[in-house]
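Two complexes come next, and they have one chain in common, chain A, joined by chain B in the first and chain C in the second.
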Partner chain A sequence: MPKTYDAIIVGGGHNGLVCAAYLAKAGKKVLVLEKQHVLGGAASTDEPFPGFKFSLYSYVVSLFRPHIIRELDLPSHGLEIIPLECSFLPLPDGDSLCRWADPNLTRREIARFSQKDAEVYPEFGMAMMKMAYFVKRIIDAPAPDPLSNSPAELINLLRLGRYLSSFGPDVMYQQFKMLTMSAVDFLDEWFESDILKAPMSVSGIIGTFLGVRSPGTAYVLLHHYMGEIDGAFRAWGFAKGGTGGVSLACGSAARAFGAEIRTKAKVEKFIIKNGSCDGVVLENGEEIHAQSVFSCLDPHRTFFKMAGEEHFDDDFIRQLKRYKLRGSSGKVNLAVDRFPDFSCRPGDGAHVRGDIAIAPSIDYLERAYDEAKYGDFSRRPYINVVIPSLVDPSVAPPGKHVVSCFVQYAPYDIKEGPEHWPERKEAFGDAVVDTLAEYCPTLKDSILYRQIHTPWDMERDIGLTEGNIFQGELSLEQLLFLRPAVGWSRYRTPLKNLWVCGSAAHPGGGLMGSPGELAAKTYLGSLKGPQ
Partner chain B sequence: MPVPTPFHSRTSECCTSLLYKDWAGYYAVRSYDTYPEREYFAIRHAAGLIDVTPLFKCEVYGAGAAAFLSQIMVRNIAKLKVGQVAYCCWCDGRGKVIDDGTVARIDDTYFRVTSNWPSVAWLSRFSRGVEVTIEDSTHNIGALAIQGPYSREVAKIVSDIDVGELGFFWTTPSRIDGVDVHISRTGYTGDLGYEIWVDKKYAVKVWDAVMSAGKGYGLLPAGLDAMDITRIEAGYLLNGVDYYNANHCIIESRKSTPYELGFGWMVKLKRGSFVGRDALVVEKSRGPQRLLVGLHIDWDEHAALFAEHGLPPEIASAAWRTSIPVYGESGEQIGYANSGTWSPILKKNLALATVKAPFGKEGSKLRFEVTVEYERRTVTATVVKKPFFDPERKRA
Partner chain C sequence: MTNGRSSKKYDVIVIGAGHNGLTTAAFLAGRGRKVIVLEQRDVLGGLACSEEFHPGYRSPGVLHDTSSVRHGLIKSLNLASHGLSLDPEPPAIHAPVKDGNGLSLHHDAQKAAREIAKHSEHDAERYSEYRAFVDRVRGFVNGVFDESPPGLGTIDARTFWPVMKKGLGFRRLGKHDAVELFRIIPMSLADWLDEWFETDRLKTLLAAPAIRGAFVGPRSPGSAINLLLWECRKGPSVKGGPGALVTALEAAAGGAGAKIRTSARVKEIGISEGKVTGVTLDDGETIDGAVVAASVDPKTIFLKLLPVAAITEKFAQRIANYRAKGTTAKVDIALRQKIEVGGNAGSSVEYVRTGENLTQVEKAFDAVKYRLCSSTPVLDVCIPSASNRDFAPDGGSSLSVLVQYAPYDLEDGWGDRQRELLGQRVVETLADNIPGVKESVVGLRVLTPADLESHYGTSGGHPYHGDHAVDQLFVRPSPECARHTTPIGGLFLCGSGSFPGGGITCAPGALGARAILKHS
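Coming up: the complex of A and B.
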């Protein structure tokens, strides 16, 4: 049987597209198969209501690795990122807190709640930046593997160790603490004001089924400080035209290097012959063959649905069954006919041109989690709101706006059973709108169209098992050399010629491009001979 | 002491940062916010409104105006159709550039010249016996630039003519909120954009109309710091920074020819005599001795130097204007860069540099000085084509 492609990439998520671009750049004949009509998966833009472009799921960009942007020349393929101006926390009592790029302004804002916190805040940022700087080393390379006996691995680990210790004992100490503590405990060591800690702690729980007081959540805080736009270690931004803009730029780069990309092409199964993955079968029965297959899907889909358990040994399957997907987030996108004015700080100034957190206190966040623990969505959830149309007129008609709400908690496993989500969906949407309307009284009357994504919807639409936004929680036990399974963090799988290139691989979820890049580079390296 | 522009009552309301600079004797907003970022992004993604009143303006009119300007400018101005605008430079008798700017043919016998320095005296030197009047109008006219991808939508709303029909580098009379203005499809940002010229008496009315039309399109007032980033991305030179007015130079080596500055395409030698022509014929056949080129400064190397110290890479948060040495591969200095910026839209570190001609070929690898933790180091800089940023919408 003649092989038609060097590589088929299953799933046109941004990682699949990055992977395709690198492979095609290296001269490989590549085909990307995406089931949806738009590219990007969790990072896609669509226009479900005329004139309004929604970032369907993912809504802010910051982790995307700058060297990938350069190596694929993504700006020339339309990638444009507009920085967020502010982190705004409206409070129910009519007060509010804004954290700006301007450090003096921020200090004055925080000082209204705690003079001490105001002074420590920049020092905290510096400490986190130092740690993020260390972590970045880990992100930009395949995961170090402490279980390996290979001399190259050991040297690599030694180097990392030496690098970490070069930051001095303080950073090392903080780093170890972060690995074990809860976000709130960690922040307690620095700050006294709840008003400051609440919105900061939420970065620890994004995409996990944990609360801000659950151990291990401190580590994920770091992600907030790893953002890098233009070499500056801070900024978060909007992709022009919606988050899908990132994926479209990756897709355009891949095409320019010669990759073929098909949308509305759902893969049904891998073709496996004599213990080797030889290609794929599409939903419509079409068979396509390739030397190698790269899966941008989560491990459950890749190994259980697309390949089949029978091809893997018990230990591997056991590990994957333990791999936590537990979706806990939802997304509500609104098209509104006027600017949603916040009563605590009216006007469409810089304060609303960033991210807006509905996270008024740590207890509020814990209560939201409590409801989820017992199988319900939060009545008063944590919401991360952005209004990208304020800075990017291309996403809404003049004077009208797009309001994007990332919501936690919306557990996949509601007590009625996940298949009952369709009946609960509108109630979930109402809870989000009601919560937000407490801060924006005009919101409800201004809604022209509402789009709700529950974890159940995300599983059905973009194949995120249990709706987990990161294709698996970013908790410590499933990061680094443990992602997705011990011994298989290097993009290969136990099945010959099957590779993984999505967020389920190191370094994990978020709009980074790294899994796709590292998968491609590892594969290309393997062609040059044994490692 | 600088004086306010006719828009000052409005710009000062918005300028919460109080960051002003002296631009040609006027108070000009450097940046409305503490950082120019927001204004920059408005120009590149939505629209920015820039008060460019301090730009020198000069009205040249009379039966002899067209022939007169053709005698001074390196381009054949007489060929401009009514409503057309030309970007060009003008030289002294030795072919050294005095200034660059735009010449708009507003009427058959009426022209408006914009420049970085006052130009009445220079133009008047050549007016003896010509039927032409030359008047400085800088202080009578307020000028606003609406720049960015949504500038056309904003201009369409405010203007009584179909701005969509106005071609790149054309100008037309129009009315905004009952006020007579000229709108030209010009600017200094390298983006889609328009400039509005209005009698200073009605300046505020026009500002208000434009701001209110821009509400739905993310229009923001933008200052000079933001404009400086965009003009470098667009590869536009600034007289007084990237090169010098020949009349202001103490030493000969500071003066530049159009061929050195990349203005060679404007120079029409075949059309007979004009100021500096003979010298330019010689310069052209000899070839320029140095070249003003665009540089991409290698970011990975830049970051690596900082990483040696355990630091994240540092860059200026706005465009810079200090002269930085540029070296050849063997370490000898072969030129200097007088302005540069990190380009947020291209994700590249850019500079405009003057280098010895043999080093100015596209693709040449040079060394660019970077100061890292108090040490002078160098990184690779590659000569690239200008403009660095050239979106289709600019001309479309």
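Coming up: the complex of A and C.
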């Protein structure tokens, strides 16, 4: 049978597009199929209301790997990242805390709450950065497999061990603790002020179904210190034109290398013949054949819906069935007719040109989690707000603004059953607006349009099973060589010619691009060497 | 030690005569060391001390379960010759349910499966597989926890081989079990138990021992490993309970020549040029010794008993950061009558665990996060009088109840009223599960975590001298003293705050003794 393409990539999210770009760059004939009318999946920008461009789901850029930006020359394809200027925490008593890019300003701010914490804060940053270097080596390469018997793998492991131990016992100990401790326990070791710890601890829970006091959340704090933009370590930013700007730049790079990209092309099923994945069937019945198929969908979609359980052995299926997705977050996007003024710090100064956290105390965050544990959305949720229109006027009409609210917790599995989310959706949106309005009294009257994404919507609209933004919990038992299943963390699957390249592969979710890059490189490597 | 100037000079001074301190003393005295044990209370045993809490009624100890005691140690100390005997197998544990017969979990896997089958065929089959899994990994897991851990970042020729051997042992488990072990470490009890079973009552019964050691609920990641450790260690328990174990250890230590003193509270550990010189007691008496083995908790040792200048600020910070806030209260109840559990009149049920489902247990945990007591606590009950007449007068029963969850730092502070309220809640929860209890109460002793601290001297009132969280299990209590040695020459750890942790295992005591023999 003639093969039309070398590779078909199912899903035009940022990982699929990165994968496509790398394959096309190596001279492969590549086709990307995206079911939505815009590229980007969870990292997309759309204009649902005239003049207002929303970063629909993902809203800031921090983890995108800088070498991918270089290797694919993304700036020349329109990628521009504007750094966030501040992390702003409004407080219910009218006070607030700003952590600025300038360390001196930050120290003065923190000192208002604790002199000791102000002194320790830069030290903490240094320690975290050291540890981020430690993990980078693991993130930028396929996962080491301690269960493999191949001598090359053992040597690789020993090398990694030697590299890690070269950091010395103190860093190793910290690292070990970070992997298993809760974000709050870890921060308790450094700081005393709740007002500093609460907004810092939230980076440990984003996208997970855990609370800030749950063990295992400290590790994710590191991710905050791993972001690199233009080589500046630890920088966060907005992508110009919304987060979809990242995906569009990847798509443009892929096209420039010769890849073909089709939107509104929904894949219905993989074509499997004689134990090999030969191509895909689209919703409209069109069959497209290829040498290999790359799926950047989550494992449930890839293996159960697109391929079919019958093609895999029991052990593999058992592992996928226990793979935890459990979406826990929602997104509320608001189009407003005036600047949303925070009563504790009025004006549209630099403090709002960054991320704004509604996270007034650790107990507040923990109570938000408790509600979710028993199957309800948080009445008073953690909200991470950004107002991208302040720094990028292209996303809203003059004088008007876009307010993007990332909200936790909104569990997929509400007690009424996930299928009842549509009835609860508006109440969820109200809870978010009400909570935010406590800090921002003019907000309610200024809302022109409101867009609410619950985990149920994310599953239906962009195909994330259970609405998990990382395509699977980032808990240790689902990371590294265990992601998504033991023995299958290297982008191959048990089905011949089927590969995975999405967030459900090592090193996992977040706007990183690594799974797409590593999948492409692993595949290209397998063509060269004997396997 | 030939230049001893007084009879008060010892080779080893052991601080604390709990089961671990006595174990250390017995081992070292048995190897010819001149040992003295100093206990601050007027009785021996610490948290394993059996005491009369109401006229005629005795508790088995604050901790009541002896099924984890390491049997190799019992043999090597020849405790049998000092009067210790074991029950042939671990006792059955009963989980009562309202309006039903409940679930009795026998230690024998087949008997247990038959009992479980009355509730769920699926779970009966899975339980057999679960026990088979535990049987397969037991040797490896106990091997890891019965020896001192390797130091972090100090892989040299001497430590390399033991690590390599463990690594090979891990691989020998086979891929399936090795992956399973790796996976369990970060998992939550709820996730792990949900993978195995569907019966709520079975899951809460199994989860009970694993939530006691740390600030966790069943849904907290990192809690599953505590269950696996408990399952792997479980074996026959000591006849007569913790008190009988303490008596045998006392006899073994004393028989080997160790001197044991009660009402001798150590005020300070003497240091000169970074080395231990001895200890000073409350009354000013000084006892000289080149080695001090401390079985009290790490915060007490390093932050209270040592002069501030003796340790570096960094190390002091690490010990201060060591998490040891207890969440367990202890209630001893004297009952006028024999009690009847699950309609099993006449049968002697010795262990009962409450808790209908893991969500209820999780809700009980939520309270303690906000420094409150659970309104519906989860109880782990031992009824020592069921099989042993020493614990209660004829016709009566003595109940030893470990209560989850009660915070160390209660929001309003612990006073008589709060203590009383806790006692009432426990009796009411018990009465829901065992009819007739409420009417039969003649005496009650409530020990809150704050009481455990003031009575037994354990910081934070933690019954295990510190959380059994993953990081504190493998590196306990800090990298400087994870292998029972400390930065101070001659000072060693031998209590529950050192590897491999709390509970009545006697393992820290034995490993502490081994470290002393090796280094001094």
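In this text, the second predicted complex is superposed on the first by the 530 of 531 C-alpha atoms of A that agree within 3 Å, B and C clash if a C-alpha of one lies under 4 Å from a C-alpha of the other, contacts with A are read in each partner's own complex, and residues count from 1 in each chain.
FYI, a contact is a pair of C-beta atoms (placed from the backbone, for glycine too) under 8 Å apart; a residue touches a chain by one contact, two chains touch by 3 or more.
Note that the structure is predicted; figures quoted are calculated from it, not measured.
> Chain A superposed: clash or fit between chain B and chain C?
In the arrangement built by aligning on chain A, the partners chain C and chain B fit side by side.
> With the two complexes superposed on chain A, say which partner A:133 touches: chain B (first), chain C (second), both, or neither.
Once the two structures are laid over each other on A, A:133 reaches chain B alone.
> After the superposition on A, what does A:328 contact: first (chain B), second (chain C), both or neither?
neither
> Is A:96 touching anything from chain B or chain C once the two structures are fitted on A? First, second, both or neither.
neither
> Between chain B (first) and chain C (second), which does A:475 come into contact with in this model arrangement: first, second, both, or neither?
second
> With both complexes superposed on chain A, which partner does A:404 reach: first (chain B), second (chain C), both or neither?
So A:404 meets neither chain B nor chain C here.
> From the overlay on chain A, compute the angle at chain A's CA centre subtended by chain B and chain C, rounding to the nearest 10 degrees.
Between chain B and chain C, as viewed from chain A: 130 degrees.
> So in the superposed three-chain picture, is A:70 touching just chain B, just chain C, both, or none of them (first/second/both/neither)?
The first partner, chain B, only.
> Looking at chain B versus chain C in the superposed three-chain picture, what is their shortest Cα distance in Å?
Value for chain B versus chain C, nearest C-alpha atoms: 17 Å.
> Go through chain A and flag every residue that touches chain B in one model and chain C in the other.
On chain A, no residue contacts both chain B in one structure and chain C in the other.
> Which part of chain A faces chain C closely enough to touch in the complex?
So the residues of chain A touching chain C come out as 146-147, 165, 168-169, 172-173, 176-177, 179-181, 185, 188-189, 210, 213-216, 322, 324, 363, 366, 370, 373-374, 475-477, 482, 486-487.
> Note which residues of chain A are touching chain B in the complex, please.
For chain A paired with chain B, touching residues are 66-67, 69-70, 74-75, 80-83, 85, 101-102, 105, 129, 133, 166-167, 229-233, 240, 350, 353, 390-394, 397-400.
> Under the stated contact criterion, what part of chain C meets chain A in this complex?
Residue list for chain C touching chain A: 151-155, 171, 175, 178-179, 182-187, 191, 195, 215-216, 219-223, 317, 321, 323, 359, 362-363, 366, 369-370, 469-471, 474-475, 479.
> In the complex, go through chain B and note every residue touching chain A.
33-35, 37-38, 41-42, 44-46, 149-150, 153, 215-218, 299-300, 303, 310, 312-313, 315, 342, 344-348
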